[in-house]
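Several structures are given next for inspection.
In what follows, subunit A forms one complex with subunit B and a second complex with subunit C.
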Partner chain A sequence: MQHNKTNLNLQLIKNKYQSHTYHLVDQSPWPILISWTLFFMAIGAVLYMHGYNNGGLLLNLGFFLTSAVMYFWLSDIHIEGSFLGNHTKEVKNGLMIGFILFVISEVFAFISVFWAYFHSSIVPSVEIGGYWPPLGIVPLNPFSIPLLNTFLLLSSGAFITYGHHAFIAGKRVFTINSFFMTVVLAVVFTLFQYIEYTDSSFSIADSVFGTTFYASTGLHGFHVIVGTIFIFIGFLRIINYNVTKQGHLGIETGILYWHFVDIVWLFLFIAVYFWGSN
Partner chain B sequence: MSDSEVDIVELRSKYVLKTVPFDARFPNQNQTRNCFQNYTDYFKCVKAKGEDFAPCQQFLQAYKALCPNGWTEKWDAQRESGTFPASLEP
Partner chain C sequence: MSFRLLVRRTAPTLRRFSTETPVAGKNAYLANLEAVEHHAAETTELWRKISHYVCLPAIAVCAAWVYNIEMEHKAHLEHEMAENDGHLPAPPAYEYLNVRRKPFPWGPNSLFYNSENLSEE
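So, the complex of A and B:
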């Protein structure tokens, strides 16, 4: 009888542990919820662009709700990793692979926008007189604010790399300062882009030049804002001791995203700002 | 000669059948650029040399042959209103 009771205890203990190194996620509402919020956002975008009433409202609502679900889902991942111990080496590897694949999909989104830009600009159509930039359009001087923005982004990339190394080396003050500088430079970049947008003499409606310019730089600007938030949250988690040297995927993925944003800007600067101007 | 043969000879003396020769600058099927180039070149030529300058007629005949009438009407209207997208300065 003692023998059976020991067996029972052992079973009860064994049942608490998994015999594999993977993370079987608990049931969660976020995936299906985000599919609905993304749907609202997509439909809202289409309705807005075709001038239907409240299309813009639906778009904004969908966007807000998507952001909210992202916040809850990502904080769940943070809890699972930092506090529940679910992130083994294999799980972290899988998460990083997944994020790299996501960045590759974003690269393709930018390829599509760059394709549109090159299609229209390399062989300018007769509707715009065969010129690029079209007559009457005064493009922005690339060696003014855009060049400064290039330096801001490159510097922010350098700061965040330095910060990452400092983090691994356990240098808390250097880490926090570097991440703070990255965020500051990113915000200044966004501010300068906003100023450029408001002070520019052409709008998105000014022929295919305006459309391709604002579609490409706008998509990039949106990614800068997302990346800034990403890094800022990483910055807060570092301050709150929520990450370790061994487990800081949220930081590493943020850094990868930021470098991707930086590289896209370099392509934008060369192709759109420099080559595409007079 | 029969009646119809005389008609043909008369018609042949009045009307010359020809079209635009091959332009190596525009070798492909899409001849839009050929039409547009001749249209702008004609008006640049006229601006530089005057309407009576005979060689400008080559551009005129080329664009009249190549361009759809709808396009030339639209471009004529754009020129009138000053919104033609290309520069017509010689």
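So, the complex of A and C:
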């Protein structure tokens, strides 16, 4: 009798635990909701670009709602990791692998814009006079603001490396200072790019040169803004004691994204700014 | 039964899967954590030096140089404007420049249009 009761107690306790180290996620509304918000955003963009009424409104609404669902989904992940103990070593490994795959997909997006750029520039078509840059286009001096921007991005990469190691070493003041400097350098980069964009003598509508220039640097600039927000949120979470030395994937993924952005800029600087100018 | 109680009372509190339980002098997991933290302290110092003594001076030097270039460029543009009664000379009217096969959704000008910089667009 005693033996059976012990067995039952043991079973009741064992049923509360899983015999594997993975995370079987609870049901959540965020995936289906984000699919709808992304759909609104995409349709809104198309309607806006074709001149339909309220297309822009739908685009903005879709963007706002997507950001909102991202916030809720990511905060759920934070709760699952930091408070529910679901993020074992395997789970963290899987999350990082997933993010690396996402970065690889972003690399392919940039490959497509670089392809378009090289297709147009290596053999300039007869319609633009067979020259690159086309006649009438005055390209930006690569050894002016673009060079400064290169130093800004490389330095922000150095500062965030400093910050990441300071975080692991438990040096709070160094961590906060270096993450702050990273964000400052990133914002200054964006500001200089904005100045370049407004001061340039050619626009996106100035032949395929303008199109490929602004498509490539514009896609990169968008990624810089996203990366800056990513790092800034990591910075706020560090200040708020939201992360630990053993579990800070939100910081590490942000750093990986930022290094990716930096490397894309180096390719842009060499191929578009330097090789693509006179 | 008394023997069992005796064993229970004198058995060492060996919790086999606890990270605090020492094994052969030093717990391997804790030792690893300490090594990581120590290594991170050294690497922090390296990157602190790189960030402060290489990157920041490089930015300062480059900024000074670029400031010179841009001031020169501005003077050149003003000279061109003075020669061209107040505005920049128009770019050649090639059909591949300033293309508008379809208007922008937001109006006639490009998104970063700057009327001071471009001549007549």
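Assume the second predicted complex is superposed on the first by the 269 of 278 C-alpha atoms of A that agree within 3 Å, B and C clash if a C-alpha of one lies under 4 Å from a C-alpha of the other, contacts with A are read in each partner's own complex, and residues count from 1 in each chain.
Note that in this section a residue touches a chain if its C-beta (ideal position, glycine included) is under 8 Å from a C-beta of that chain, and two chains touch if they have at least 3 such contacts.
Everything quoted here is computed from the prediction, not taken from an experiment.
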Query: Now for A:Val243: first (subunit B), second (subunit C), both, or neither, which partner does it touch?
result: neither
- request: Would you sort A:Val272 into first (subunit B), second (subunit C), both or neither based on which partner it touches?
  value: neither
Task: Answer with first, second, both or neither: which of subunit B and subunit C does A:Leu148 touch in the superposed model?
output: second
Message: A:Val126 in the overlay: touching subunit B, subunit C, both, or neither? Say first, second, both or neither.
response: first
Field: Between subunit B and subunit C, more extensive residue contact with subunit A
entry: C
Task: Pick one for A:Pro134: touches subunit B only (first), subunit C only (second), both, or neither.
output: both
- prompt: Touch check for A:Ala166: first (subunit B), second (subunit C), both, or neither?
  reply: second
- line: Dual-contact residues of subunit A (subunit B, subunit C) 127-129, 134-135
Statement: Seen from subunit C, its contact residues with subunit A in the complex are 36-37, 40-41, 43-44, 47-48, 50-51, 54-56, 58-59, 62-63, 66, 69-70, 73, 91-92, 94, 96-100, 105, 110-114, 117-118, 121
- prompt: Which residues of subunit B touch subunit A in the complex?
  reply: 32-33, 36, 84-87
- prompt: For subunit A, which residues count as touching subunit C in their complex?
  reply: 48-49, 51, 55-56, 127-129, 134-137, 141, 143-145, 147-148, 151-152, 154-155, 158-159, 161-162, 165-166, 168-171, 174, 178, 181, 194, 197-208, 245
Task: Would you tell me which residues of subunit A are touching subunit B in their complex?
output: 126-131, 134-135
